[in-house]
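Order as written gives the chain letters A, B, C and D; numbering starts at 1 within each chain.
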Amino acid sequence: MMIELTHNPIDVARVLASAESRSAGAVVLFLGTTREESEGRRTASLDYECYPEMAESELSRLEKEARQRWSLIECSVVHRLGHLEIGEVSVAIAVSSAHRQPAFEAGQWIIDRIKHVVPIWKRENWADGESQWVHPGLETPPTTAGE
Amino acid sequence: MMIELTHNPIDVARVLASAESRSAGAVVLFLGTTREESEGRRTASLDYECYPEMAESELSRLEKEARQRWSLIECSVVHRLGHLEIGEVSVAIAVSSAHRQPAFEAGQWIIDRIKHVVPIWKRENWADGESQWVHPGLETPPTTAGE
Amino acid sequence: MRTSVRLFAVARQIAGCDRVELELPEHATIGDLRQQLGRDIPALSGLLGPMLFALDARYVNDASLVPPNAEIACIPPVSGG
Amino acid sequence: MRTSVRLFAVARQIAGCDRVELELPEHATIGDLRQQLGRDIPALSGLLGPMLFALDARYVNDASLVPPNAEIACIPPVSGG
């Protein structure tokens, strides 16, 4: 089990290794990666910030709840913070189970819940120079660089 | 895209890298791994064999059909053959897409279909010394070692 | 009572600071706090509807009481992952 | 006509070889081949029900004709993954 928030590039091999087990028949790894294009607009880079104490405790709660819902062997979640270039990994989730169904379902459930409840936010730094916090359901004003 | 059958240990990092893309927002990696226990009986090791020409063409068909069903960016499938120790990776599937839903669904669909249509078979080498080909729905007789 | 509220992302951007001090009556609720925040930072008031609040790092609803010395955080719709 | 059938896994184990030569009538179907295989290798006959057959590396059903010089494979229930 590995629950982490990190300003360093995510060591995907390490996250994956943390889910390995001799009793596992299935490992599902999910990577969220920063895309060059978002709703037709070009992104140059992204910045992630969080409410640190709460983000970590919410990730731990999700891990515990996933283990209650499914029979899992290992379950690790690492989320990146700070400045990310295009193509970098923003989140890595690795889940193992005896059979494949729980690993797939839990992996999908965890990333869905992260996107709803974990206090982490991203700012798109658009290629045209504008930056903008992303808050689903809210129209947000552009920020000036470095704000 | 990478469709492979291999007698060598699967290079998981290479399979994962083959699915990376600047336009991907999600990568799902599925690993099938050899378990120490199967239905309460201890396994010492496994052997996989296939009908080579057909296994490769069936894997290619699955990859093509997955691309027709979902909007995927990359899709790689590598299946191991020969003798595997416990904890080794027997199959690796890596799928990337702009959003996470297609990658999860396609990954799950591909492993489900592999387990139904691709002519690959495993033999459990039980810890008690017996070996047995696994054919869902068939009662199979034990084999003697090395047969 | 004096209550400090942590601000993140667009709320921090608009307020220009990562923490704001509010003056609330005794027995104020999170709903009261939400309204006071909008009065003190008018530029935020139009955005507060979908924001959640956390008390000591747990989500709470508008009916929850604001205890003295609690850590309150204003949580805009999240966009991690 | 002389037809060669590739055998895998439990079928290969029971037959003791990875290929068997069958004598089939002209215009025989895969269903005929399945029956002939059971007659030629009686130890296999009880297991043939759930086995599939492939012609030139594509699955075919029992109604399909067996062409001369085709590559026929007997496919026991698969267990890869």
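To be clear about the criterion, a residue touches a chain if its C-beta (ideal position, glycine included) is under 8 Å from a C-beta of that chain, and two chains touch if they have at least 3 such contacts.
What you see is a predicted model; the values in this text were computed from it and never measured.
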**Request:** State the smallest step count from chain A to chain C, taking one step as a move to a touching chain.
**Result:** 1
**Request:** Return the chains common to the contact lists of chain B and chain C.
**Result:** A
**Complete:** Rounded to the nearest Å, the gap between Cα centres of chain C and chain D is 72
**Complete:** Averaging C-alpha coordinates per chain, one finds the centres of chain B and chain D separated by a number of Å equal to 25
**Item:** Chain centre separation (chain A, chain D; CA means) in Å
**Value:** 50
**Prompt:** In chain B, what residues contact two or more other chains?
**Reply:** 32, 111
**Asked** Which two-chain combinations touch?
**Response** A-B, A-C, B-D
**Asked** Along chain A, where are the residues that touch chain C in the complex?
**Response** 32, 48-51, 53-55, 57, 79, 90-91, 111, 114-123, 133-138, 140-141, 143, 147
**Complete:** chain D contacts chain B in the complex at 6, 8-10, 13-14, 47, 50, 54, 57-59, 73, 75-81
**Touch list for chain B against partner chain A, complex** = 12-13, 16, 20-37, 86-87, 96, 98, 100, 104, 107-108, 111
